[in-house]
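Below: one structure in structure tokens.
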Amino acid sequence: MTSHSLGRFLDQYGGAGSFLSVCLLLILVMFGLPLFVSTFGLLQVTILAVMSIFALSQGFVWGFAGIMSFGQAGFLGLGAYAYAVAVINYGDSTLAVPISIILPMLFAAVMGYFMFYGRISDAYVGVITLTVSVILFQLINSTSGSQYRIGVVELGGFNGIPAIPPLNLIGDPSRPLDQTGIWYATMGGLLLVYSLLRFILMSRFGRVVVAIRENETRAQLIGYDPRLFKLLAFVIGAGIAGLAGCLYVNWAGYISPGVFALTMSAQAIIFVLVGGLGTLLGPILGAVLIQWLINTIGDQGTVDPGLGLGIILVAFVLLFPKGIVPLVQAAIQQALTLRKRNVGSPLPVDADPLQSGAE
Amino acid sequence: MTNPIPAPAKKLTPLLEARDVTMKFGGVTAVDHVDLVLNEVELRCLIGPNGAGKSTFFKMLTGQLRPSGGSIRFRGNEIGGAHPHDIARRGVGIKTQVPNLFDGLSARENVFIAAARRKSVARATAIVVEVLERLHLTDIADREVGRLAHGQRQWVELATVLAQEPELILLDEPAAGMTKAEVEQTAQLILEINRTQAVVVVEHDMQFIRRIAKVVTVFNQGKILVEDHVDRVLADERVRNVYLGNSISA
Amino acid sequence: MDLAGLIAFNVVTGIATLCLITIGLGVIYGMMRIINLAHGELMMLGAFTCIIATEAGINIWISIFVLSPLVVGIIGLVLERTIIRFLYGRILDTMLATWGMSIGLTGLIVTVFGNNVRTLANPAPSFGIGAYSTSLYGLVIVAVAVGALGSLFALLRLTKFGLILRATMERPGMAAALGIKPDTVYMATFALGSALAGMAGAVLAPISGVSPVMGVAYITRAFITVLGGGAAIVTGTGLASMLFGTIDELVSFKASPVIGSVAMLMTAVVLIRIFPTGITGRFLRRSL
Amino acid sequence: MSDHNQKLFGRRTVLKFSATAAISALAAPAYLRQALASETIKLGCIMDETGPLSLEGKPMVQTTKLAVDELNAAGGLLGRQIEMISYDTQSTMQLYTQYAQRLALQDKVDVVHGGLTSASREAIRPIFGRAQIPYFYNTLYEGGVCDRNTFCTGTTPAQTVNHLVEHGLKNWGKKTYVLAADYNFGQITTDWVRKFMAAGGGSVVGADFFPLDATNFSSTISRIQSTAPDFVVTVLVGGAQTGFYQQWESAGMKSKIPLASNVFGLSNEINSMSPSTTDGIVTCYGWYPGIDTPASKSFVEKMEKQFGGDLTGMSELDVTTYDGIMFWAQAVKKAASLDREAVLAALESGLSYDGPGGAVSLDPATHHTIRSTYLGQPKDRKWQVMETFAHQSPNDSGGQCDLKANPRLNKQFTPVI
Amino acid sequence: MNGENCFADQAKLLRVTNLRSGYGRIPIVNGLSFSVGEGELVGILGHNGMGKTTLLRTLMGYLPTSGGRIEMSGMDITQRSTTQRARAGIGYVPQGREVFPGLSVLENLRMGCFLNAEPENKVIDEILTFFPRLKAYLGRIGGALSGGEQQLLALARCMCGAPRIVLLDEPTEGIQPSIIEEMISTLRDIGKARNLTILLVEQNLNFLSALSQRILVLQKGMITSEISAETARDPALIHDFVGMA
């Protein structure tokens, strides 16, 4: 019985088949791409994978938990800086990775407690997250004096922190990963985050989170404390963003306060909006598509990428507020239904509420 | 499980005890110093014309509104002004006037969420099947609730309330928008529920009230006008007057 | 003592600056409950209008007080008709759409004019406070801020149009049943808010420099001031500007402008946490 | 039912495979470009051509073009033409590492000239070090970089700031106030000012640091007045921070406290602002457009001829960029090879030439230039040279940087106060 | 369409033909027809959830019509906006009063004058003669009034616009009896003075019968019968309607 309802549930969110095929695809790309692509090509697609993880963090927090976080880049930046500071101080990435995930989570826990337990409305949550990420940017940006150091690491303000060592094999700092290794690590991270979110969404916790997004009052009247669930979802999202930050540093080998900038947060939101709100595949797709678009426009040079991004954002809000993935899903659904009808099993008239309701 | 020591105190405390409860919105007093006591496994009906304060009173019982004054006790504990989820955890469930559901989720998922609050996933899944069966919702269980017809949504909301297994169930107009047959089913269901749980019903349909009620409380202009056995209440001249507006020509 | 005078002058100028950058946003948010994230870019467009006009030889005061509000008001009108009006009542969607407008407008201006900082000569002389001296332009800003708040108050309180605005803001459906077109009222409000933003951008251009990305610097400040102020546009903007402006200027003087700005933002976050409906949502509820 | 599911699955899989194909297609041009351009010598240029730093960056890219065109017109190097591969970092720090990696891994260039802010230099220097591509940083900066793979042709505080401070101490007084951009250039330069002031018996009474997008300087102007310094040194970078000079003038400070700067004028300020704002600000650089030597004149003529109206004010930055490319070309010729070790050895062989700024030589020990510097101030949109200091050594490391003796050294020396 | 029909149409101020509407896909008003003549006082009686408020909201243009036709003096207004309907002469006193809570009583009345070409002061002075209770409160803000006072204000505000027909939605809801009486006499007075046309939706039988000339019974979104005001006092009907014996 349980497996039956689980299957039903999976169907509702795109089906177990879709989960497995996405995983399979990610694995295929992960191991296949290095065979075909040069080191530099790999470097370019690594950032797409990093951005996909970042997009998943936004997609979970916004699309599933309904929290309008406009400052997700704040957690990305915290994770990035935490990794940089830790890995240089310890000379080993083994501890630096968990630190880069946990620090943003702790920060999000404090911030989330402040917001969700303070009865702050959805729109204000947007403004507060945005403001906090601006505060973080300004603070980090003004730490260029040599007095601002953690351990041996000078934070460097606007300069950022250069020459950050990459990940190494666990417990063995003498064996750092090369470009291909970082690609595997990043794709592994993406696969892990995707599966983890899938698992969370299937769990009771995840289902309640989605229910709260659907109707907070109802969830309260049933006895769930929306504040707690939102807080936890927000913290999980921050951890994922932190991981994305850690991998971002590994990709760039360098970190500057730019990661905290509003454009980063804006990008995450656009990824999710374009890909599809309330899906997991959507943010990944959106990240790859938009990041690729930004690179293309950026290289071409005559038009500022912002112009294109702005138009995309407005167009999707106005025309396709649900994003690409749900749009495609609906199209497939419709195609299937049409097929069904053509095959000759007409739906009973009163079975379709759309038909009976509309007169 | 037998308790060797009898618990007389439990008998003495009423399940729900509202004292002097008042709610003001600006210059408007929606609920005006109301006292209401409900015993364990009691069935109570609240009636009264539109705007008499019944729904507002319900909202205070569930924590959606913080009373401007007075006290509400559930099993002896003050719940006035507590968080809705806190009150729900203490065992109060409500079906609101307008169906209030997780519209994007299936009926099954809606009921599951309600059941899973206290139970393990496996147990909750079993409860879902039971409850859906009991309310004849199995056929539409996997449809998105937001796309169901009004009456069906009423039933789904009833199902979620049942799945919560609360000790006190508040039903705000459970029969509204239902067919005659459905109304009868609802009445039977309420009586059945009432064997184990206390129920408060707000309803306008007097046939329905007659069908289920024992004690009826009549609200008028935020106050309790009468509280008595259903037959006496419905025969009461004052009650008739508030419904017909006769007081004005008197 | 002279130094105290100079600092006081700076504080007052800071408050007035905050008022100016907030007021257009306040009108749009207060009246329509639209969180206009493109506000900073409307200011930027005002500043650009001003700089282009003055470079074309038009008198700077005419550019600031006539051309910039006019041009940006019309741009606001166009944006409202083509984008915003489809999103009324969907607060998060308007946030996203206006953010898109913000990114897009910046990109557009970068594409057309390049991402450079342009400067505008300061038209006002300096004056002395005892041994110290400062720019008289601060007084211009104070005068414009007071004038803008005053006129807005008069418009809302004393005119029929203001009455209609307030009524439509409270109950648009009922206003429609009395024969008013809420759609037109919203359109006018958005244009008014945009025009005020345009003027603010132009007024501040001589001291801030003009660049396509300048809007970002204003948007968070304007926001927290609006939200901190609460529902009452004039009183709220005034009070919140006083609080935040004073903190910003004093901490900036004591520590550094960055710390000042951070202190101000932190105060705002805490304030919004304590009074989610802002100062005037908690106190002075019936003010304008 | 299962039939439909299979159909659905099939279709989705197809969709996803096409996505993979798209990703690999995206990376494909990498091979193509590598295959095509093996004949040319590749010179990488990485610079802020747009954005708030473009006033400095764009002329430097133009100079690079001019220098490359000149070399190509003269037959190229080693009989091969030079291909300039240029990336615009749009005044955005993240783009530096991205494009540096592209230059190193994809384009596989033979040399890189570029980097504007010291922050950008520090971000990309390790990348070229790892990739073993000689790197030229041609911007004036805070000094002290000591790295075998890196050559710095711009002036340093030991060649300029010392003269500014001397000028201030002699003509204005013992107290100064520093306003600087908030990153390593501003911070370290401020420390140099502190050091030179102390050495001359003066002191720095206050120092404020500003983010690059800072536009409002009113609180600082008040603070400066409250500490009453004899002069102010500005180390303000980029378009936004130049707003300070106007606010300074409109606050009526221009006539009260004199200004000295080692960056003012690099963003075309003397043309974009009115002379009343700019006149009399004392600066110190390795070159001014008004310098009356044949090399200088012909450089200005060539630039004006090639870029005409597109040219927005020239400065030391252009001359040192030109120097950097000429030194590299000279070294390649001398080494008769593009091999990194051979080119580095040639660069360390004591090269010198007569550049627009006068005689310049490349110091083998520090990889910096020994050149003349000048004290100058704007008057009515023209630079007036006030004083000339010949043969200034890049002595910022106090003799500790000797890459000939110790080639494995890789650090930045900063002033010890 | 023959000439006779045309004439008949014009005699009726408001004509509703086979009207359908609802929320989303849930139909509430289900093919409903009636008409109101100039100067007529028509009541609509119906239980909760029978579609009374939905009907008025549809007539006022807040809800889209999914079928049928609404005409004002022969002009088809089915597709018109709320504003246009107000300009066509429909006045509306909604359920819950909807006074502007932050505006003073006087400002609320001034808003009511928007469609009235007469000078504001004159209009308000005249209306206030019918609502003496409001005179004392002119400076007070709407939100601070009691429910009954708000109801009077909403009525007065509507009258300021000199509508040709007034839609009244459950004016007695939650109102103390003294004010209900005051409303009846006020409405009668104004009705007499201005030949007012009223469409009144109510559950309060007494109020309904006191003001209406004829009463339409609304059940499940349809008009099921029409009765006279006198019949509304019939115990049998009361039994049927209220369900009490």
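By written order: A, B, C, D and E. Residues from 1 in each chain.
The rule we apply is simple: contacts are C-beta pairs under 8 Å (C-beta built on N, C-alpha and C of every residue); 3 or more make two chains touch, one makes a residue touch a chain.
Here the structure is a predicted model, which is why all the values come from computation and not from measurement.
Once the contact rule is applied, which chains count as partners of both chain B and chain D?
Touches both chain B and chain D: A.
Measuring centre to centre with C-alpha atoms, which chain is farthest from chain A?
Centre of mass proxy via C-alpha means gives E as farthest from chain A.
So which has more C-beta pairs touching, A-D or B-E?
A-D
From the mean C-alpha coordinate of chain C to that of chain D, what's the distance rounded to whole Å?
Those two chain centres are 38 Å apart.
What is the distance in Å between the mean C-alpha positions of chain A and chain B?
Here chain A and chain B have centroids separated by 42 Å.
What is the distance in Å between the mean C-alpha positions of chain A and chain C?
33
Can you list every residue of chain E that touches 2 or more other chains, as numbers and ranges?
25-26, 101, in rising order.
Taking each residue of chain C in turn, which ones touch at least two of the other chains?
Within chain C, residues 110, 115, 256, 258 contact more than one other chain.
Please set out, as single numbers or ranges, the residues of chain A touching at least two other chains.
138, 141-142, 353-354, 357
Where on chain B does chain A make contact in their complex?
My answer: residues 62-64, 83-86, 88-89, 93-94, 96, 100-106, 108-110, 112-114, 116-118, 121-122, 124-126, 128-129, 142-143, 147-149, 160, 164.
Would you tell me which residues of chain A are touching chain D in their complex?
Checking each residue of chain A against chain D gives 15, 17-18, 21-22, 25, 28-29, 32-33, 36-45, 48, 138, 141-142, 144-146, 156-160, 162-163, 252-254, 256, 258-259, 285, 288, 292, 298, 301, 328, 332, 336, 339-340.
Which stretch or stretches of chain D touch chain C in the complex?
50-52, 54-55, 90-91, 182, 208-211, 213-216, 218-223, 225-226, 238-240, 242-243, 246-247, 249-253, 256, 272-274, 277
Where on chain D does chain A make contact in their complex?
Those residues of chain D that touch chain A are 4-5, 7-9, 11-13, 15-17, 19-20, 23-24, 26-28, 30-31, 88, 90, 92-95, 97-98, 101-102, 105-106, 117-119, 122-123, 125-127, 181-184, 186-187, 209, 211-212.
Using the touch definition up top, name the residues of chain E that touch chain C in the complex.
60-62, 81-83, 86-87, 91-92, 94, 98, 100-103, 107, 110-112, 114-115, 141, 157, 161
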